[in-house]
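Just dropping this structure here.
Letters A, B and C mark the chains as written, and numbering starts fresh at 1 in each.
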Amino acid sequence: MSSEPAPLLALDLTGTFAFGLNGALTAVRAARLDVVGVVVLGMITALGGGVIRDVLIDSLPPATLVDWRFYTLAAAGGLIAFALSKHLRRIGTAITVLDALGLSAFAVIGASKALQSGLGVAPAVLLGVITAVGGGTIRDTLVGQVPSVLRSGLYAIPALVGASVTVATIEWGVYGLPAALGAALTCFLIRMIGIRFSLNAPEPPETRERKADT
Amino acid sequence: MSSEPAPLLALDLTGTFAFGLNGALTAVRAARLDVVGVVVLGMITALGGGVIRDVLIDSLPPATLVDWRFYTLAAAGGLIAFALSKHLRRIGTAITVLDALGLSAFAVIGASKALQSGLGVAPAVLLGVITAVGGGTIRDTLVGQVPSVLRSGLYAIPALVGASVTVATIEWGVYGLPAALGAALTCFLIRMIGIRFSLNAPEPPETRERKADT
Amino acid sequence: MSSEPAPLLALDLTGTFAFGLNGALTAVRAARLDVVGVVVLGMITALGGGVIRDVLIDSLPPATLVDWRFYTLAAAGGLIAFALSKHLRRIGTAITVLDALGLSAFAVIGASKALQSGLGVAPAVLLGVITAVGGGTIRDTLVGQVPSVLRSGLYAIPALVGASVTVATIEWGVYGLPAALGAALTCFLIRMIGIRFSLNAPEPPETRERKADT
């Protein structure tokens, strides 16, 4: 069972369900899948990032496979997406907000677990980002798409900021529930602003020139 | 070396060879590859699922990289597929039957190893399925195809049933060679019935409606 | 920190930077990516093979995430490729040579670490090859291409030879800096000859016949 404080745990579980739901919905749209494919891709989206983190910090078996609440919520999200994908489109905004909450929780918890396992500051931030975006990256690759996190939108960058704030507050000795929630809120707000104003991370100069030519 | 009883070990080795052969044949058909690609994809198909399982239950180095019989049989399957791919098409049915034997052995052995490592019932079943289908999933992704296990046919579902029967008999204290062979046989028969009658797992309601419209 | 002798360590660090640079350049060409995508794919190319090796031999957290020089050089390579991709094309030959040095260093160091971890001769050679080509394979898969190492060119084969020479000299008790550099040089020369004369590993007989028909 997880030893996180209740508010963080609630965020973590909410995020797991949201990632399962949203991950499965994205998969339904991207490729023709059967029930196995939809549920598996929802579960991979929700659990994949944390599993990669736990493998790399040698905390095995992975926490999300030990605590039944995580894999059950991930599977529930996938099954609901399978049954109701058409209707869930209408509440797309609500799902996006839940997904951003998950991104924030995963970045903060991932970075703090990595730092506690003895990794340095920079690798801990990196593992926070991997926890947050790793599952979606595997899902996109499995359905034959270049992962959206590598292409456009602000998705990895809010996770990077949230993980950095987490690691900084731990290093300064001021980490605790308020700092964790502050780091998560920072990530959440950047993600929301990115969606609202359709912000993108910069592209290589070469790509920009190619676009200017056409 | 493996400590499985002889009949299970024989199934496991047969399955490893069949997965190496069939995995490499599938890869030759899907993409233009050289000898390195064909043999590597055969080996990944045969060994990949067990390697993922062993990483997740922290049983490292992976059993199939320690016991020479597994990696040798996997490589032999890949090399034979490389040399004889055209002729092997004619015995496609025999290879499909061998592949179903492998699926069954991998699901049963994978679930039982995962449960013995201390995982709960549901994660152990999940790892049984991953052991059985993980290698083929990596192969399909590497040659740029959406893994067939996510799309159509009954492939994950027989593995799920076989792994569930295994875990149930262990929990009830009646596991042993007869139970293991029974679980494998259940998986094998469902797989064979699925092939014979071209059964598929259900698709999302949305996909079915889209098809009905056209 | 790494305990390799200075010349090998220098090769290892050079290779990490070259893989980060070359991996990111390849990614820019293959898919439209933002700065996150370019840097991440550079880092994955440079660090991915070593991470897979360390996961499989249970040497965690992975060496390249513990020693700051590795992840910093990998990220620097990715960032330089992001900023200067157009100009770097002009020094393509220099980058290819650096990349071949990296391939050689990774194959030798990977095989020797795997053998020291207690693996047998054949799996140790395999892990040497995985260390050398694993990162590029993940990168190609993420940008939606069949990994070039599976398709054409001599890339895995020089790594296989370099790893085999390494393992042979360790088994014969004559391993040391001269043997390691000799193994790396062998790999490097085969790779360079392969590039110079556009050599390819053989394709399956079936593929050759199909080509002859057209």
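Some observations on this one:
Keep this in mind: contacts are C-beta pairs under 8 Å (C-beta built on N, C-alpha and C of every residue); 3 or more make two chains touch, one makes a residue touch a chain.
Just so it is clear, the structure is predicted and the values come from calculations on it, not from any experiment.
Comparing the contact residues of chain A and chain C by number shows a mostly separate set, under half of all numbers used being common to the two copies. These two copies of the sequence, chain B and chain C, are related by a rotation of 120 degrees on CA atoms, to the nearest 5. Spacing of chain A relative to chain C, judged by their CA centroids, is 29 angstrom. Residue positions 55, 58, 141, 144 of chain A are each in touch with at least two other chains.
Across the complex, chain A meets chain C through its residues 55-58, 117-120, 122-123, 126, 137, 141, 144-147, 149-152, 156-157, 200-207, 209.
On the side of chain C, the complex with chain A involves touching residues 28, 31-38, 40-41, 51, 55, 58, 60-62, 65-66, 68, 71-72, 82-83, 85-86, 141-144.
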